[in-house]
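Across the two complexes that follow, chain A remains constant while its partner is chain B and subsequently chain C.
What follows is the complex of A and B.
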């Protein structure tokens, strides 16, 4: 190969890789820019905290923000303990090739691929009707918990498995019991990975629309209990954009709030994860 | 001699405890430390998923001695160590058969309290395995787990072991800093301190110096020598010069067709100067292994 064609090949490869990477960033920046352009002027503290009026064309998103927080709170409150427990069971209490472990992993993979609208129908049938919870924040939160469990369990299991065998062996060699080992060594060591999984799950829960339409409902009043129906931010955006003529400005502003929340959660968890790692590994 | 055959056994002519010793391979007759058996293995075999890793080991380790386990990789030395504190239980489909006694305790019995056994048998691994928190917490954790909660006793225990491993002056001002910030040699000494803080009877070291630089390695080695007489020390090492410098007894392992065997066991002097088995002689001289 001549020197020149080698040069062309090298520069060509570099250019293609740069282009690919840039094209990934462009849609993201476009989206944020579009949201800011259309939503920023409608955004204010009173928008964030006041109640919607005129089907959401006017007023704010206070009750909707509250409902979202409650739904996500129920979801994570149920999913995190269950997910951690299952992940610990899979990584610490069963062999990797155990039948039950394989069954759980297989079903999680299937669950992770189920479309959210199917989760919505399932949640409606199980929580709203069979268990009699009706259209409520509780039904919505529980449905979301089913949805984020696969993400939580798989990331948590991977974080536990990434801990070196020597750490477990040396803990056992010191006569530490299994619960102590989990509490004092495995959980802290897996924490950065757990936070990443938690953030992914949280993000999915915050952004979910389809599964909530059938479970937590449409009501945009301030919820008084977990048994009240409540509208989430994503459902509100969907409703304003699709069903309410003239709802677009507020839809953009709401979307801006939602994306802002997700960004804050992401930044916060990666800050904790780095801080956690550096706390334990910074040269003394 | 056919090297593929399992270890030949020689019966010492006159020995009061002939019943047990009859099974020992090339047992030397002049113990250097307390001639009191601390650990006795009879026909100890270890298999992983049906594959034998170690076959019919018969060995009597004296209290307070430093016993080095030498031999090429994959001949079952680490497996032998891990059977002594039953870490083999944590390995999937690992089967340990035969008899293993530590003093009067039947190590392999189902009823043996593993947490107590492991408290009595400290273990250090090849790579330093400090836990991802502070130096103080690394040492406090095993103490608290085994029932010491009194602040004064915790502090004095920590200070004592850190002095014992020569780490006190290096870390006394940063006990609450992350242990992973220490150098490799310091980490390994901290691991040693963490094992010693439980006042074990037996200390097992699995190639403790192989991941360290020569200077740290020398410090850890001196430390191991200083343990002689206080603890029964078993050390796996690939460094024959090190084994010669520090060990009272040597157990030489060799793998026959993938199965580890104890070939020869005796005082370091015997093994290095007048080995009885030609494989040992070849390994010591560097001709094999």
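What follows is the complex of A and C.
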């Protein structure tokens, strides 16, 4: 191969890779820019905290924000302990080729690919009707929990598996019991990975529309208990944009709040992850 | 150690699971079904849901101790939920069908449906036959009906939407005859689709379309049989394609249901109906 053609090849590859990377950034910036352009002027503290009026064209999103927090709270409250438990079971309590482990992994992979509207119908049938919870924040949160469990478990399992065997052997050599090993060695070491999984799960929960419209419902009143129906931010955006004439400005402002919330969660969790790592890397 | 401590190994995931289960049960137990408030669950038509939500809020403020929960999902779902007891009242943005005559329907307002085009489309009116021809795929180019030389994009409503049923009934079509390029759900979605495509044709609720057209969205409402598509012609009953917004119950309404339905038909909610761009019952 001549020297020149090697140069062309090298520059060509570099250019293509740079172009690909730039094109990934453009939609993100475009989206944020569009939201800011259309939503910023409608955004204010009173918008964030007051109740919607005239089908959401006027007023704010206070009760909707509250419902969203409760739905996501129920979801993570159920999904995190169950997810951690299952991930520990898969990585610490069974061999990689254990029958039950393989069954769980297989079903999780299928669940992770199920469209969210199917979770919505499932949640409506199981939680709202069969268990009699009706349209409620609890039904919505539990449905979301089923949806984010696969993400949580698979990321958590991977982070536990990434911990070197020597650490477990050292713990065993010191005579530490399995629960102590998990608490003092494995959980801290896996924490950055667990945070990434948790953030992905939180993001999916916050942004969900289809799974919630038939479970937590459409009511935009301030929720008084977990048995009340409550509209989530994403459902509100969908309704304003697709069903309410003149709802666009508030749809943009609501979307801005949602994206802002997700950005804050992302930044916060990566901040914790870096702090955690630096705290746990003691000088030798 | 690794091999001998079988007990904690086997017990731990089970314990974690039991704790989770316990948490859920505790959560459930904390909130017994609240019987102190009188509650109505209303589900159905997404066209009606914003209106009935607003009516519900006003009703709650006038009758303390009542709760009106409105859920959207389409007229068919409203009817189904009333039949299987999930909802006290269903919302259907159409008249009840003959096979639904075991249900009780009460009209609370009217809505017109009309054909919309992009405002850059030079066509000002279409005959019923032309619209029918476009929707069954006989006419595929605007040139045929006196417009520009451009292919027509047919926007149709999704199955289960009462606007679709009304449209099919008026033009005596079956949904299988329609050659649609885009299938949409809610009204605003239809308007956004047509506003974004100069060669598209769609049909939506007149109130919503009129609001958007006067607020700078590039769409035009076409007259039907030479009658302009306005809220006024719907109110007068002259516009040919209109539908009643109906509240549906399983039995003859009584108690809180009756109080709410009477309220929804009263002049106390006329301003709410007008604010959602529908036509109140009288005057």
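Structure notes:
The definition used in the following text is that the second predicted complex is superposed on the first by the 281 of 284 C-alpha atoms of A that agree within 3 Å, B and C clash if a C-alpha of one lies under 4 Å from a C-alpha of the other, contacts with A are read in each partner's own complex, and residues count from 1 in each chain.
We take it that a residue touches a chain if its C-beta (ideal position, glycine included) is under 8 Å from a C-beta of that chain, and two chains touch if they have at least 3 such contacts.
Just so it is clear, the model here is predicted, and its values are computed rather than measured.
Once the two complexes are laid over each other on the shared chain, residue contacts for A:78 go to chain C alone; chain B is not touched. In the superposition on chain A, contact of A:184 is made with chain B only, not with chain C.
Of the two partner chains placed around the shared chain by superposition, neither chain B nor chain C is touched by A:266.
Touch counts on chain A: comparing chain C and chain B, the chain ahead is C. By the touch criterion stated above, A:95 is placed in contact with chain B alone, chain C being left untouched. Of the two partner chains placed by superposition, chain B and chain C are both touched by A:175.
Of the two partner chains placed around the shared chain by superposition, chain C is the only one that A:247 touches, whereas chain B remains out of contact. Note: residues 172, 175, 177 of chain A belong to the chain B contact set and to the chain C contact set alike, using the contact criterion stated above.
Those residues of chain B lying in contact with chain A across their complex are 85, 87, 90, 92, 114-119, 121-123, 125, 127, 129, 131-133, 141-142, 145-146, 174, 177-178, 180-182, 191, 194-195, 198. Interface residues of chain A facing chain B in the complex, by the touch rule stated above, are 95, 164, 166-177, 180, 184-185, 188-189, 279-284.
The part of chain A that touches chain C in the complex is made up of residues 54-56, 74, 77-78, 81-82, 84-86, 88-89, 93, 129, 133-135, 138, 142, 172, 175, 177-179, 213-214, 217-221, 225-227, 229, 239, 241-247. Chain C makes touch with chain A in their complex at residues 1-2, 5, 8-10, 12-13, 16-17, 19-20, 23-24, 27-28, 30-31, 33-34, 41, 46-47, 49-51, 53-54, 57, 69-73, 86, 185-189, 191-192, 207-208, 211-212, 215, 275-277.
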